[in-house]
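All remarks here apply to the structure that follows.
Going in written order, the chains are labelled A, B, C and D, and every chain counts its residues from 1.
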């Protein structure tokens, strides 16, 4: 890790568990989508799990997360219970957003998980504000803000990074560069494709890390979060990853060759690579993986059961929570 | 309509209109997020990039303000851009450019410039896409002097409105309801330009007028059929143009039926439906035999869960109920 | 109102409310373009930076989307931000954050979050600032579920609405008409929080109700005085809250007078005035003795030249004429 | 100039005339504002004249200009006749925007002067679009886009520069860095105050030039415009200047010391400096200046007379030109 300590077995198993759990959860979601149990938009994180798992380890329970519509992994890694996430995918009242948000809008106030935002770039100003509150209240918290490389083209990216840097706010901007924004490749969306370089424009440290290497990600995140928490101001961390699946379940993937995807898969996603390394380094072995798979399968089954048997929110409650109960002066 | 027809979809009709325009006029080009290689978020532009190339079927970065503004600028520069904003939900990011430049520059400059840009966007709810992806903000656009705003609700209009819009020297905003893209039907093989300023009676009826547009039209037709079975003959008026509104058609129909209900997927308060009630009242108050009503969306962010989304939106049963109430048969 | 009063202005009243809040609650801070060193584009926050420092009177870069979004985020983080958007004209750049986050996050998350942010902005025309600086888009904000929208039209409301808004757990948008800042009058020395959900009768009258808000209130009062001299007693109802609308007060007054005119600086089509007519019709149709009317802005970008700007906006003479027409004395 | 040729007398006199003409015009405007002849917002360019004069010389009549609300200088330097500009300030129908725009909205289609935009940053996307049209139609034109350093914080800056660079459009972005955006100094608005560095984020050439040196500006503009016209893609040129007057006539200038302004004035504005240099280099002398002053005074007087005697647009025409006459198909 950052202090050079090699990974121990427990740590390695946690990383593996975290990634495998997201992978299997999402595979189940894809299946449930085919069964029309899950509807609307569903954006899978498959291939990108190392980011959520690596990054969340750098946070404590007081820190805040602002994510995107591709946030199942972030939500699970942050510790939102899987049943609550699955129930949300179903639209059940027991879901983590009461069934109103669905896949794109997972929330958890207790875990300071601020969504689940379906407006590309919409979360960046929010993260700046959360960090501003912490700064004004002198709380030693960090806010992390996740967004895709496509979002970096939005004006909100520019305004938010400038504001955060100008005010030296404790926010870590994490650009999940999976090379595509729907069907638009990075080269067709950004004149400068080395995204971390954009940090220069805001007088902000920018760096890049391999998004397929969970250990490197955790390492980079630990370091960056520590620096941000120590008052060093915001940072931009570009994490280079790849989306193995379609953008959403509606996407026929006309914009990239199957061969490209296959080649990337052959290079190995975060799981394949970490499993190979873990075995090589003797952190874990096949039986460990099988044990994890069993635990995860059980958790997923329990989550599906929970979602299936949960209630729908009564229609009569449709207008509840448009406004907050208010003790008028 | 006489002569040959072909079966087509709303989506294909839009595409045919764009193809035709791209072929006919070298100044026309299409620009927007994922209109090219992806084929369009709703597959409207599917195949066009292969035919017309990436210069004319131009994928943009996620930069709504800049690429819509660039469309406006390109129109000022002599082009005839079709700008696709993926959905109305994202159009807020470009609203400043649309209001403060596109709609304004002509008047503000004393008539020196025209902005012949066509801005297309998907609108509406009904697909469980939740609060941030289910807006119906046509009323906001219809509020802006300098814009023309249309909402094709039929395959013929999907085919023809864009063609006409491209002949218009001023900015035209086209709202395509996302639930209509799969609509199928017969279209005349020689279908082309249609008027974009007049409302159309989609069903005649003597008892009451259902005034609607866009994605709510099929619901109104269905409601009218149900009502007909119960002896209530509703006329269905499709506004088609939301700015300018076709007052003549509205007043004429309402004067005939003496009763009306407006159906509009926007949130009730400040809806286009409210505007229409106000207009009818201002002009045809004494011609009414009953208090008008509107069926709009509930004033909540649209939820993901299907039963809640259904409850939030105008539905056939709500329209039927509203009509019966206005008819005094509630 | 009993006891001592002091002469003050609308601007000073707003400032007094902010000072009080800043003193009373360490979570309150003010943020916006030029609120600090410049003293506020309309001098509302003049002197506050000296008293409270640049952390709490926070100048922002020209980044409307980010600083409004940051205000929303700070509210989620436990602060009580007052965000000043210099004018409504620039608020379009932040509209996505306001609609898609501030107004939505509570419902969409199943009630987990509240966003106690107060967003203040100047609105309106009348100072020859031309097309891009003269908008009145209150109706757009009043259309959004999850927001509260208020428009102080008096010194008392300028003093009290902000105070109350800061106790509200949800986002409140405050529209300050730019022509009101210099309004002067007596204010009770102990003036403070006022209700922000009810309309107020600013002048009683039996013949007709003038329904209005914000910058049009003084015009309505003036028109009512002119009309009184001609024997027409107009009641003037100041909406105060644009979302929610105080239906009870509107209906009660209209039922008393049986006639009404709505005066609203927004463009006519899709105006808040239209919404109010629709509501009255839906509920009190049979209580009306005359066709209602509205006096709105002409549907043009507001021009710079004074005579044209005047012609574009609601004016006292137009209000008088509209009232006489409704009274059958046109 | 760029080819090393020294300035000749005629060229120097033209530069001087251009700057002096703007200066005197605006001084007159300030006076007329005091007399309530001009109303609304009035943003003076005093101290910044070298930019308009230097830059416009690099353009030909086919090139396009997108400016801001502080655009009297740009309009005059571009060749919009002074009477039409003055009449616009009065709101007369003979004004260059028919009296509807006023100071902030000067337009001239014939001279491809696209305003006059009162939304900070609002002109940038427009300029990108004008340049896109030129590129698509293979016209060898350049669009210049002027904006303040304050505008560089807007999302539109980011989106527009990225788009222009990505598509290699013939647009030259000219940032008029006068150190203040209303009362907000650059240091309080930008985390990175070397604005031309921001070009890096868009893989675009960025450079900086002294805004008080009209010769250097013309030089830089000639070079940049030539490169852009040759198809080299867009550029960002930061021009460092200073606003000697208040932001607008409403601004009491609480945010900066009088001493700061005085010091800058003592350093010399573009006029003072150019006059000193011109005399030193013997390009012109006092009598030349006096002759120019007389010409300019006469032009201004004629412009005021024209404005005074021009007609107002009839109120009946209020709604004219909301829409364009349209030959329906």
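One rule holds for everything that comes next: a residue touches a chain if its C-beta (ideal position, glycine included) is under 8 Å from a C-beta of that chain, and two chains touch if they have at least 3 such contacts.
What you are looking at is a predicted structure, and each value in this text was computed from that prediction instead of being measured.
> Across the interfaces C-D and B-D, which one involves more C-beta pairs in contact?
B-D
> From the centre of chain B, which other chain's Cα mean sits the farthest off?
D
> Please report how many Å separate the Cα centroid of chain A from that of chain B, as a whole number.
Chain A and chain B have C-alpha centres separated by 36 Å.
> Distance-wise, how many Å sit between the C-alpha centres of chain A and chain C, to the nearest whole number?
40
> Hunt down the residues of chain A that sit against at least two other chains at once, touch-wise.
In chain A, residues 97, 99-101, 105, 117, 119, 122, 153-156, 159, 162, 166, 188-190, 322 touch at least two other chains, as defined above.
> Got the chain B residues that touch at least 2 other chains?
Where chain B meets two or more other chains at a single residue, that happens at 60-61, 63, 65-66, 89-90, 93, 96, 100, 107-108, 130-132, 145-146, 299-301, 303.
> Name, in rising order, each residue of chain C that touches chain D in their complex.
For chain C paired with chain D, touching residues are 33-34, 36-39, 41, 59-66, 89-90, 93, 127-133, 298-301, 303-308, 311-312.
> Considering the complex alone, what residue numbers of chain B touch chain C?
65, 89-90, 92-93, 95-96, 99-100, 103-104, 107-108, 130-132, 135, 139-140, 142-146, 243, 245, 266-267, 269-275, 277-279, 281-282, 285-286, 291-294, 299-301, 303
> Provide the residue numbers of chain D that touch chain A in the complex, in ascending order.
Counting only chain D, the residues touching chain A are 153-159, 161-162, 165-166, 188-192, 197-198, 200-204.
> Which of the residues in chain D come into contact with chain C in the complex?
Counting only chain D, the residues touching chain C are 39-41, 91-92, 97, 99-102, 104-105, 117-122, 150-151, 153-155, 181-185, 188-190, 251-252, 254-255, 312-313, 315, 318-319, 322.
> Considering only the defined contacts, which chain C positions touch chain A in the complex?
Interface residues on the chain C side: 27, 29, 55-56, 60-61, 63, 65-79, 81, 96-97, 100-101, 105-114, 145-146, 148, 163-164, 167-170, 193, 195.
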